[in-house]
């Protein structure tokens, strides 16, 4: 029987379900009695939970990243749903399906990956194609690349999000290169593929999303250049000739410059046609994705505006329903 | 017999040709003798010219924007070509073809305009389609819209440049909307069409390119909103119902926010999906165009870099010739 | 019998009074029992209120902007006064005097408006005077212009605040033009009058203060230019000749540039004498008003400093009482 | 017989006149022959001058700041007037009237100073009045304060310019305090008087305008606080009681904060009513003065715009002549 | 018997001890019952405390800065320790050792001061040495200079912190001048000594750390110049000759420019070798101190990162224990 | 016989000497006659040179980076010295001593390198010492590292400048670590050594100083991380164990963060003690070196200020001679 997901819970429900522990805090109330304040999640979202009269012993039996089987009842508290727990058991992680507990791309990962292969392996430039092949035959790389989110909180923040983001830009680039004949097609496609590869090590995303130490201290731009360098050395085996130095330079440049400005963490501004195209296509995809999600997910239906989004520095206009589904009026 | 254009002149040529006066200065040399320092242009570019031993009387007979028939000889001076004039006559403007003297879009304007009509008139939203029709049946508007450059110096700075810029973005938008289903197609296409209409009054572009007083004091964002407002009032006649207020708001918002940031002159940040998409598509097209032109037109063939571009805040990488002509085309 | 206003309540008072609902939230306490958390206001300020053991049914009977007749008792909670409600009834809005419930200008609106007329109708420039007349005979405009606040939270944030702000700048300008003979008097006065007219549609201020959708998406600078444009077309009827284009340009420019810098939302910098004068006079008035209110209204009497003001980026120095009433020491 | 001033010279005039040397350079032409390139000035402006076939010996006989009696002939060179010298003699400075050689306030300095005394000595606050008296009875201070410019190049850059600037702000403040009753009149007037006193030592302005070493290393804000401190110590002698510490603090604060922002060199933001009022009144006066001068002095009559002003970051709109002299007033 | 310090308390302890009141708030709980929320401190840190069922009368008997003898019991509340008070008495300040209640430098103040004397009195430049002597024989100055913290919250925020900071920079400067022979040793050492002297009046640090009114309105840079000026006047008595003006200028410049940038509150950029050296040495010492403290004091042992530090704009990397004690592995 | 260097030439000298061509331009004068405009250099500086009546054929015989034997005569032209050439011959590069033609460190490179070895090989941490050894036994690396300048134009812009800069910081760090016991000595020293290694490939410095393509497109921060990565892989061979991952992370972080701010091209802010120490020590050394050179090399002896330095955003105060040599006055 299938589980009941977080986004299916409502006020007054009885709960008897497994969750991933995203956060755990042992607190005391005003009388000094201890209670556990948890954040529990599955792939559809997260929900707060409290266990009154907890003990330090119990609190030590699990950590964030572990799975719990919990029993309790939901209620609305200060506008949000929470579960008042009556019982909890630590679960053996082998007994759960991990993919049930982290947000996933709504798109089919295998299909996305096939599309990636299709677009990239059709390139004509032999060194770039060989380079891409070196990445795609690296099973560890592929496993991580297809699992990683594109971010912790912002755009495409779910498993498979990085792949979805990259394939979407590849699709867009594929379509519009016709209008920009001076842009080198193979160089741009390879740059799109590589621009965020550093993120597969910058982030950790097995049980929860976080930055790795290396991600915080070095960052995915520099890490991506290092990963590119490793693979380039092996490319010569496939092509029988050394990777052209200027081509390598152009790829490294696309990686380090794709944030577009020093204050956004790119140590160099885009200085080639393909680098500047990558920068805008990357932003276009990320911003449309972010705006769309903010507008779609805003729980306050009656308001025409989302709340203020700190990371965007603005509120977004949702407008009236009529505007959101213009086809409806046509078909009526 | 066809004229010899500026870009066909080289050192030591005899010249006997008509030009547009782009700039005129009467100067004195160290001995106090007066000479005329002119900038002459045709649609392929501009060239300096000097007439030694000029008089104030002669200098008063014409102004920038007039046409001259000049005779003289070319020479290289400080790295640039100039014409040492022996004779000049003011030309009756009716005797020249104006389109020979201002830079033109390399693309066929009529074809571009047809493509614009094709894309816009295929929209389903009745009010937006009616609005576009109101613009397209306004002959004065169309004459200006198809003649205006997109800027004085930067991207698409030639007659027809605005149309070329708009049609290119429309083409791109048309292709990629499939990947962004949440973006309202008709709203985005209309916004692309309208975003720079203010430029047809912000700039003057009959004989040379300049900002109008209104362009400098008010700017094409605000002017575009005013022009939209005028047409919206007439749209109701075509549809028989008032233009939906929220739709008008969304269009105005796209115009005022398309520069994307306050410091770039947009009084509002993009706050809708279509406004943020417009901002990035506009930048993508403008920057690729600018980068391409800088790299292509750089006269110093042997350098792998363009000179520093003040407006871009960087030099651009041209690379070696091999890179510029991907082998693929060679093999064909 | 007159009402007891918010600023007259103190700890332990019994309350039986009508208020405007400024905010409403239904919450649950830790035991899951629902309660209502309200913000109630009248023209003198706002006060928090709680109704324990509320129901969803009750909560649905009214919304922010409605009037309530409430009974309860005041108490201090976490340093602020709040009312613990025992009873509430929704009031028919026709039974209250709306002006009792929104903050009002402390000055007489009719007197302010007369002063505005007096200053503006004494102008000599016929087109500017005709333009002003077109605004002043528009009853809907006048009703809004004399009711609007100048802002939601910052300076002159009360009904009539916009008028008070404009008249104060007009008074100041009237006095100091003698010292700046190069500034065109009529142009400056008209610009002062027009600079914020967009606010009458940018804000909604009937029952509470907020931004309209158009206010957020387009902004009062662009909206003001549109309103000016509408009236200018009618001005010709009064003067029998078209409004001089350069004069219109100068007015539009004053409106769009009055924030003084791109990062403050003006798409153009002030480029005329009158525009730069308007910018500084507007700021002078707004900042003196804001500083004065912050210093005057700070409830912590014994401190020589106000709390940190986020919007000003600083604390303000109140100093000792002696400094606030220097006359006192003189008279002693 | 009165001298012919720089602003009276035109092309082809014979010159036999005394000038102040503003700049001197000994150069060689392409053939290696030395010539002197001078900038000569009087109170109406400056003009370039050249002496061909100069010697190092001659060049050593005078320095910038000395006076020369020169003979020669004017000519236009590259759009500017210059004098081709045939003879020069170094003049004994006692034989010239220094005030003929530096730009002066167009207003009567004695009258301005009387107005300053009138406004300041009418203050009621006894310590502030005593403080002002201490400054005004200091003859050396008064001599410098009435001679200093307000700047090297920007607003009020002429002898007496500082006084003119201060008196103009005092006049304005005097008129508008009625509308800002919360602003302390005596404190504001004293702050206006003191805000730029540091400039009398920050600048040197005897024979030419420049920054002193102290001006560049310490700046007029800090120097002004030091000068205030010196005088405050003597104020007690006049009043018989110590200067109130908070009053002193408020004055120091007005001096250090009057630039209004850290990036403009104020180490503190304005945090009192009087400090913020001073900041805007100072800017209003300086900017109107600068805009007025740029528009009035632009030599290119036919253009509706001034050239780009680096220090203002913009061009200024001059408009058509009609606008500059509104018909109404002329015809009245 | 020695007291038990804040940093020795743990969950469940009985407390009967004297503390300094750092903050006091009288609040009401949801039932309207009043309670006291205090922040109590001694030299090792601070701890929250609550007294349930307090009265306004009790709350008026003491203020922040007073000493209390309290009885109660500790408990952990929301992750922090707090004391639930059962009793409190106001203490006569003469009965406590003030140095027990404010954080102190961990270094011996007398020793630090001797080192300061040693380094400064060994200078060769007679005027600078005399200037330093004038400061060091001023007992009031020395008392404050050795007691002041270097800041409220940031680096060296404890009694004696300013002295420790200055001596540390002096030690560093002393060692490295050998490698920078162009830097004037005596000038740099004097500048290091003087750069923050304004802080002894900018801050108040007797019972708690705060900014004085003068500190907020004028700031320690300007205040330091004023203090320097006072002492320089007396220096002549020791040396028998006036203090060299350029030397004074260089010292003032070092004080006003040592923050290194206008946006950090320096009205002038460093423009001498010694000023730029001082700026970097000051920052080096402050930042190493701040980073070290943040890493050392972070209570969450198991995390490899500190929490986000608002004032630094980043988190700091603590790494694993092995890295923190590298000697340990060597000795094993 | 030894050569006469550029810094020994004066007006009117006959020249018969070899120089490196730093720049070459073929120009035409007003009469259309061609001439060569050269910049010639040796290790002491550069000088302009002109050959009148040149031909295109002659101009093609050499390029910048070649050596010429020239004859001619010096003269002062517009304040600078230039050589009017009468003859030039292209020189075989094997006939000159390259070190005579590029600016060199004034310090002995071998001595500097020994000091580097001495400090680094005394480290205790075995992996860091092994890492340094891997670099120091790489002869190609050492050859470049000891030849490279630290920059093109700014600090240490001469052959050996990078080594001098690094050794100077090592010396400083060595001395002051005693005062910062929490800073890890070996980590800091290694970071100082590595922070700029990318510059040996970012710059080209054989015959003239320039950025390489990789330097401009990728930059020395990212390039340094790549070089570190290469060597780390070999370090394991020396130590027999893998390089500790966290140690590598800390080194990479020091390289990428050493510019200290995103806007200066560091993609990450310093987040460890050693990274922040490196940032300030690097800046201290670079700025003292730059200030010292600007003050020392300013050719205008009589001015107390250097000209405005664009890259520093300021002028520097040189002061009077007395201040520059304070010891002199002491010894007299």
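As written, the chains take the letters A, B, C, D, E and F, and residue 1 is the first residue of each chain.
To be clear about the criterion, a contact is a pair of C-beta atoms (placed from the backbone, for glycine too) under 8 Å apart; a residue touches a chain by one contact, two chains touch by 3 or more.
Worth saying up front: this structure is predicted, and the values here are computed from it rather than measured.
K.L.:
Determine which of the two chain pairs, C-D or D-F, is joined by the larger number of C-beta pairs in contact.
P.N.:
Between the two chain pairs, C-D has more contacting C-beta pairs.
K.L.:
Work out which of A-B, A-E or C-D repeats the contact pattern of A-C, with more than half of the residue-numbered contact pairs in common.
P.N.:
Selected from A-B, A-E or C-D as the counterpart of A-C: A-E.
K.L.:
How many angstrom between the C-alpha centroids of subunit D and subunit B?
P.N.:
Centre-to-centre distance between subunit B and subunit D: 44 Å.
K.L.:
For subunit A and subunit D, let me know how many angstrom lie between their CA-based centres, rounded off.
P.N.:
It comes to 61 Å between the two C-alpha centres.
K.L.:
Quick one: which residues in subunit D touch 2 or more of the other chains?
P.N.:
213, 216-217, 246, 250, 253, 271-272, 315, 317, 319
K.L.:
Name the touching chain pairs, would you?
P.N.:
Per the contact definition above, the touching pairs are A-B, A-C, A-E, A-F, B-C, B-D, B-F, C-D, C-E, D-E, D-F, E-F.
K.L.:
Can you name the residues of subunit B that touch subunit A in the complex?
P.N.:
124-125, 168, 171-172, 175-176, 179-180, 182-184, 186, 246-247, 250, 253, 269, 271-273, 276-277, 280-281, 283-284, 287-288, 291-292, 295-296, 313-317, 319-320, 322-323, 326-328
K.L.:
Could you list, by residue number, the parts of subunit B that touch subunit D in their complex?
P.N.:
Counting only subunit B, the residues touching subunit D are 25, 27-30, 32, 213, 216-217.
K.L.:
Within the complex, which stretch of subunit C touches subunit E?
P.N.:
Touching subunit E from subunit C are residues 75-79, 84, 304-305, 315, 317, 319.
K.L.:
List the residues on subunit C that touch subunit B in their complex, please.
P.N.:
That would be residues 213-214, 216-219, 221-222, 225-226, 229, 246, 249-250, 252-253, 256, 262-268, 271-272 of subunit C.
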